[in-house]
Amino acid sequence: MKGKKLVSLSMAAVMCAGGLAVYGGQEVKADDKVSVVVATNWGEGDSKYDYFYPVFQKFQEENADTMDITLQTYSTEDYKTKIKTQTASGDLPDVFTYWGGGIMKDMVDAGLLLNVDDYFADSESVAKEDFDDGAFDYYIAGDGNAYGIPIESTRGVLLANKTLFEQYNLEYPTTYDELLEVGKVFNENGIIPMAIGSNGGTPSEFFYSELYNQYEGGADEIAALASGGNFNTDNAVKVADTLLDMIDNKLFPEDTMANGGWSASLQLYTDGKAAMTYTYPWMYESIPDDIQECSDIIPIPQMPGATIDPATIETGFTVYGFMINKASYEDPEKHDAILKVCDMLASDELTESLTESGMIPCKKVEVNKDSQKLIMQKTLDYAADKTLVQVHYTTMPSAEAITMMDSSLDELFINALTGQEFVDKVQAVLDKEK
Amino acid sequence: MNKYKKVPVCIGFLLPVFLIYTIFLFVPLVQSAYYSLTSWNGVTEKVFVGLDNFKALFSNSDYWITFWNTIKLVVISLCIQIPVGLLLAYLLYSKVKGMKIFRTIFFLPVVIAPVAISLMFSLFYNSEIGIFNKVLEAIGLGRFATNWLSNIHTLLYAVMVPQVWQYIGLYVTIFLGALQSMPEELSESAQIDGANRTQTFFHVVLPEIANFTNICVILCVTGSLKAFEHSWIMTGGGPGVRSAYLGVYMYKTAFVNSDFGTGSAITVTIVLLSLVITVLFNTISAWREKR
Amino acid sequence: MRFFRKSWKYQVTTVIKYLFLILVAIVSLYPFIWVLISSFKDNNSIFGDPFGLPVKIAFENYKEVWAGADVGRNFLNSMIVCLTTLVILIIITSMGCYILTRVWKNTFLSTYFSLGIMIPIHALLIPSVLIFKKIGLTDNLFSLVLMYTAINISLSMYIMNGFFDSIPREMDEAATIDGCSRSQIFLRIIFPIAKPGIATVATLAFLNCWNDLLMGLVLISSPQKKTLSLAISALKGSYATRYGLLCAGFVISIVPVVIMYLFFQKQVIAGMTAGAVKG
């Protein structure tokens, strides 16, 4: 009798499994439709999702009778893992947002990505000239060709809380000595001078580059990093030592790990616990209106021994864009559909829509300043007359070197490394790759 | 029973579990072991390099830092999770009113996503806004207050705490199940014999559940050797690799730096280390049983 | 126990015991409460006042989680996958365990089956994707079931072994004399007595499947097949994460697990009494 129970249990399991296979495997596929996979890291929780998804949905509906578009969205961390496994198993999406520089290098070497000139040659609505000068730099590989179409650009800003400065009768510092002076006053009153932490290299990494650009030849050295792989320069050590000096003078929060990362660094500033912070426009959604009101964007004080006037430069670079799967694009069946998808992704319509999320576009589109947040308007005004400079992040030739720079900066910030040790650690990775 | 009659039953009962396990777990493991002998970035063709990955790994100081971090985690987990888990389970077993409620509550942290726990602890530790230092000051231990995550002496342990604490409930559950499946007459008869509770615990209860203690020890060791999430979320394994375990180092190498060869080599060392500890432990406990 | 009941010392130890248990309970309950409270907050109040109550109880985060992602569908997917995994896992591992503990003790096989608890899940990601591609089960929920089953076999067998081992061997012998076959012994005697063990295994395996993110991430691609943990993970932003939203997602995913746990707790008690009557 009970033997039957076992049989029936196993039967139930098999049926369950079978049912699931059907349920899980169901796929509506019409033969005349081209299936296209689009992947992005603008997940549901990302500020861009709300501006991207309606445009995408409209496109999907318009082309419903010819295309079967699957949109894969993940949060950034998950997205990188997903793309890496898909690359390894040969299932790369047809069109996907991705990072350039050292991060895309392996894909370019393997010939997986389309040279975007091929796309521009085919496209009727988008041309390479529609984009800002230098926007493609981030996506140019060793062979001189660009392999990605840039979407988002950005600007580094040092925000200063006007109210706090006025409260203590202080002027915005322009030199390092003035900065130390200001820092002293704020510290005496229990206010953190600059809310800059370092957890996973944010936001310290960009701040490091920002300081680097103040030194003679700094900008050229950063640009040359991509091809030469030489990080160990006098300037690199000088900047690291300056950072250590800033830490000794208590210009940053004491707990740089817990107060590192984009959110935590900014939070001290928005709560009025810090007088200044270094941040980027993608954080603007988190700045309350009253703080936007009393925030000024100021040049970073000139570091000791620096020769370039910080009031004339600002970091500005392409953050990311999208890439085209070469094999899919060259597949005659898919070609037209993919071309259409790319035209949508690079369209003025989508770009304009994304600017409303606080994104600075790489494409030359009219940004409606009045619809922007106050702090964004201030940013655009400030950036108008600045020479844009690069950061190490975009020119570092390998992903591993970026990781090493980030994690070693964390160490530098907790005073566990000397400036030279920090530089050596990054250089060791670069030398290994050569 | 006839020996040959057993065979079809054995095969019939073992086959399903053996097949699923072999195809979906053992084969991937073998594949991973193969990757460890190649140089592979996950994109281009794999190049066979023999033991080069291992040689490079063993001469890399970062590897040894994470290795010792992992060993520290194993030891600390063993010393805290098992005794505390057993103590709580035994307290609950000794006829506590509302035992069911306590058991559920103790298990609750296990259910919560490590992301949330880690975020909570990061805020907890934060010297500007957190309450950990404030609590210390309130109870007169203010001199111990520090920047928990930015102090090279405390950051590794600060990262360990949430992980060690979160999974104690798991051991409470297992030990409680073990205690409850123990024949009740056993401890009762011991107490009639005049043994006090401590004696009963050490001489009657503990030997009876030795099997489960072994299970918990192995779970604890292997769990710590694979540890990943808390460290990754709180500090990304950093600064440097100061709070990274082998699991974190493996993920960083393979998926962040796209070095799947070296990443797989780290996996192989994790599995070997687990295997050595497990076999060693089983041998010791078998030897102790015999005596 | 009656022995101690009246003594003064016993009263004190009882009070201390309860105080200690209550303290541990508070510490254990706190993170859940924290997640719950945070799910009603925005980032400014989570970071600005991490341990305070929300200014007002607002359900915006929950509304947004429900509206933004297809949570109902994701929830169903997770439920189906986890329950199917549990059924398959319990059946096959208890069968295997029965043989390895009572009929044919084999150290090699036992060690072989214990290998699984030592493998970090990241090591399995790429190989498993390749295997499912080979057998044609890409982007299929059943591939998740198979993988979850495989991942949990080691742990389940390890724990179940202990429970199976603690059942007296005389029981088998008595049953054999009564003329029971192997499968009958398994179903009538071992399976019911081992219920506490099975419940423990079921709870842990369910948790593992329910909380898994990585396997779901690499094996599933279509949005409509995403599991709940994948959908919740997508709530993280690329630079700034809205933790209130994330916490609302966690609350949604924790509740069914707690219900599940309470349900299995009942089973543990039921299994115990059943065992006691028979024993």
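Residue numbering begins at 1 within each chain, and the chains themselves are lettered A, B and C in the order written.
FYI, contacts are C-beta pairs under 8 Å (C-beta built on N, C-alpha and C of every residue); 3 or more make two chains touch, one makes a residue touch a chain.
What you see is a predicted model; the values in this text were computed from it and never measured.
Relative to the C-alpha centre of chain C, the farthest chain centre belongs to A.
Between the chains B-C lie more C-beta contact pairs than between any other two chains. Centre-to-centre, using mean CA coordinates, chain A is 37 Å away from chain C.
With centres taken as mean Cα positions, chain C sits 16 Å from chain B. Among the residues of chain A, those touching two or more other chains are numbered 81, 88, 264, 267.
For chain B, the set of residues that touch two or more other chains comprises 42, 123, 129-130, 255, 260. Touching two or more other chains at once are residues 47-48, 91, 126, 130, 183, 186, 246 of chain C.
Within the complex formed with chain B, the residues of chain C that make contact are 1, 3, 17-18, 20-21, 24-25, 28-29, 31-32, 34-35, 46-48, 50-51, 91-93, 95-96, 98-100, 103-104, 109, 111-124, 126-128, 130-131, 146-147, 149-151, 153-155, 157-159, 161-163, 165-166, 176, 182-183, 186, 196-197, 199-200, 203-204, 207, 211, 229, 232, 243, 246-247, 250, 253-254, 257-258, 261-262, 265, 268, 272, 275, 279.
Touching chain C in their complex are the following residues of chain B: 1, 6, 9-10, 13-14, 16-18, 20-21, 23-29, 31-32, 35, 42, 88, 91-92, 94-96, 100, 102-113, 115-117, 119-120, 123-124, 129-131, 169-170, 173-174, 177-178, 180-183, 191, 211-212, 214-215, 218-219, 222, 225-226, 228, 246-247, 250-251, 254-255, 260, 263-264, 267, 270-271, 274-275, 278-279. Those residues of chain B that touch chain A in the complex are listed here as 41-44, 122-123, 125-130, 147-152, 155, 235-242, 252, 255-260. Contact residues on chain A toward chain C in their complex (touch as defined above): 2-3, 5-6, 9-10, 12-13, 16-17, 20-21, 23-25, 37, 41-49, 70-78, 81-82, 85, 88-89, 91, 262-264, 266-267, 270-271, 280, 282-283, 285-286, 288. In the complex of the two chains, the chain C residues touching chain A come out as 43-44, 47-48, 68-69, 80-81, 84, 87-88, 91, 125-126, 129-130, 133, 137-138, 140-145, 181, 183-184, 186-188, 213-214, 217-218, 221-223, 225, 230-231, 233-242, 245-246.
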